[in-house]
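Below are the structure tokens for one structure; questions will follow.
For reference, chains read A, B and C in written order, and residue numbers begin at 1 within each chain.
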Amino acid sequence: MAEIIVQKLVKRFGLKSVLKGLDFEAKAGEFVGLLGPNGAGKTTLLRILASLSRPTIGLVKVAGFRLPQQAAGVRASLGVLSHQTMLYGNLSGEENLKFFGKVYNVGDLETRIIEVLDLVDLAKRRRDLVRTYSRGMAQRLAIARAMIHNPAILLLDEPYTGLDQDASLMLDAILKQIAAQGRTVVMTSHDLVRTAELCSRFDVLSRGKIIASARRGEIPRDGLLAFYRQAINPEREVENA
Amino acid sequence: MPKQPSLTSFWKAMWAVVWKDLSAERRSREIFSVMVVFSLLVVIISNFALDLNPKTQREITAGMLWITFTFAGTLGLNRSMAIEKENNCLDGLLLSPVDRTAILFGKVIGNLLFIFMVEIIVLPLFSIFNNINLLNAGLLITLVLGSIGYVVVGTFLSTITVQTRTGNILLPILQFPIILPVIISAVRASTFFLQNQPMELIWPNLNLMIAFDLIYIALGVIFFDYLVEE
Amino acid sequence: MKPQPLILKILNWVSGILLVIATYLAIIWAPTEAVMGDVQRVFYFHVATGWVGMIGFLLAVFSGIMYLIKSDLKWDTIGLAGIEIGLIFSFINIVTGSIWARPIWNTWWTWDPRLVTATIMELVYLAYLMLRQGIDDPIRRARFGAIYAILGFVSVPFSFLSIRIWRTIHPVVVGSGDPGAEGTFDMTPDMQTAFFFSLFTFTVFGITLLWHRIRIGQLQDKVEQKKLELMS
């Protein structure tokens, strides 16, 4: 069964159309990557799936709930991680999790906080203020925040932005672990190689539509860039040939 | 099965927002200390700028008090909403399955508590500086009614200004013309209470504040969804 | 841009002619008021501009509500037009009032409820314009503008009441008078004719200006759309 269904989605901001009849689907347990140039509509699509933005026209169904009518149901089954941490600097890591846990009405919060802190390996620093965290630690805590209510679906909006090599590798490991638990994950990214290796499938978005798609391993690593370029700009490829 | 928002989850979320704001403030004291110090500076500057004789000074104390809270309050409101915007925490809140009104009320209650704390500090100081006893039950009631209207409008509008290009600067420009009636009535009621005037002079001012508070709370509930959803 | 529709062209001319007649009625034809003298003649335009200003603001509130319901940017254009017209006419209203007040109340300015309320309304809608300037996204601008137009307007009667509780000396010419008001007078039939004619004139004039302003707004939208088409 598909966890996320998007059909003929159009999103207009005033006179400007960002999404132009987009179709998208993610099955339960799939890890889908979204690639595409800036302004293609990746973040807009993710914001609509996250119920932060309303679709102008089109069907959007997340975890069996229609958007925007059943937003509360969608929100409860969704975890969101972006390059902005959505954490309060003047609270400790533990307090941040406690706050979001209360807002999400998580049962047995104490145990759950320990679980997610272990997942992102921050148990030791849990009493420190988040503003003293490094970028990588803050991003890990942001994952813990997104996971606090054990969501079936995770949306990741360019989660690697601003992370150094080590932090990125750690994030890789955590995301693999999360995906292996049978969650549905959708991630936008600019990193072709990482997306192709991490995700079970990736789609390429350009000018408000999905124009290409490939499964993991379908395209050899050194062919990725050519595939991507061909997808977003087929005409230029013809000129070069 | 995900829970639909219920009354319990509404209260829980609202108090969680209050608890979060108070905990962060207890650590940093950045809102409270700025407002208190700013209030003191207003007192000192106005003392020398106006250079009044002691009798006049006592007469205009209520007015000075409200000028101080009006301006100091803007700083607090701005900071309180800037915190939500800093790491895009506002989106984090909006992503949660709670009624948006719970978020608005949580912020309003938090901001009210900050203002009350400032008022509790500034009142005795004002009493000392102006040689007048301000610990008057009527005045305290006026402070509560006036602060509610001020904070409800201010919290709501700070959600708007924090999303503009110019940011915080706009808040007083948007807020002050709207809260003018509250300030006028509050000053009037405060002055009358301090002068021990009969209640029939005071009631119209109190009633106006109560009506204003209720109407703007209702408007906040009606319009907050439109503020935060695209 | 489409050429002006015939009705608008007619309105242009009608407004012009009406304004000339209204000026003649107010300045020459209407009798001089016995106590106040010629300065009373400012009253005809004073009330009429205040009336049009109020209509402009009310239109903006109505458009704001419509925008929030329909999410159609058309209402944003109308609302903005209403507010700009409202700001200009209210400003004339305040200035003419001030000219009248100088000899009658012996001051340019006094903290009277109507005066302050009119001024506060100016400030609310100036703030509205500043708010719009601070937002680039047209949708968000329309949404926040609509909400602020409504919130600001709700506060206006409160302002009036709060100062009314404080004190008043403004005359109430139409409707029941306050015995404490200075400058009250009874209108003769000729004065009434000039008064209602002026009210009518400015209403027509206001509608004509509003129409033009909405057309300019539509043109702006069109330019923006063309720009977007070029960029994408």
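Just so we're on the same page, a residue touches a chain if its C-beta (ideal position, glycine included) is under 8 Å from a C-beta of that chain, and two chains touch if they have at least 3 such contacts.
A quick note: this is a predicted structure, and the numbers were derived from the prediction, not measured.
In terms of the distance between Cα centroids, chain A is separated most widely from C. With centres taken as mean C-alpha coordinates, the chain found closest to the middle of all protein C-alpha atoms is B.
More contacting C-beta pairs link the chains of A-B than the other of the two pairs A-B and A-C. Each chain gets one centre point, the mean of its Cα atoms, and the points for chain B and chain C are 32 Å apart.
Chain B has its Cα centroid 38 Å from the Cα centroid of chain A.
Inter-chain centre distance (chain A to chain C, centres taken as mean C-alpha positions): 51 Å. Contacts with at least two other chains are made by no residue of chain A.
Among the residues of chain B, those in touch with two or more other chains are 230. Counting partner chains per residue, chain C has residues 139 touching two or more of them.
On the side of chain B, the complex with chain A involves touching residues 2-5, 9, 12-13, 15-17, 19-20, 23-25, 27-28, 30, 83, 86-89, 91-98, 229-230.
Taken in their complex, chain B has these residues touching chain C: 153, 156-157, 160-161, 163-167, 170, 173-174, 176-182, 184-185, 188, 204-205, 208, 211-212, 215-216, 219, 223, 226-227, 230. The part of chain C that touches chain A in the complex is made up of residues 73, 137-139, 221, 224-225, 228, 232. Listed in rising order, the residues of chain C touching chain B in the complex are 68, 120, 123-124, 127, 130-131, 133-136, 139-140, 143-144, 146-148, 150-152, 154-155, 158-159, 161-163, 165-166.
Touching chain B in their complex are the following residues of chain A: 47, 50-54, 63, 72-73, 75-78, 80, 82, 84-91, 95, 99-100, 102-105, 129, 145.
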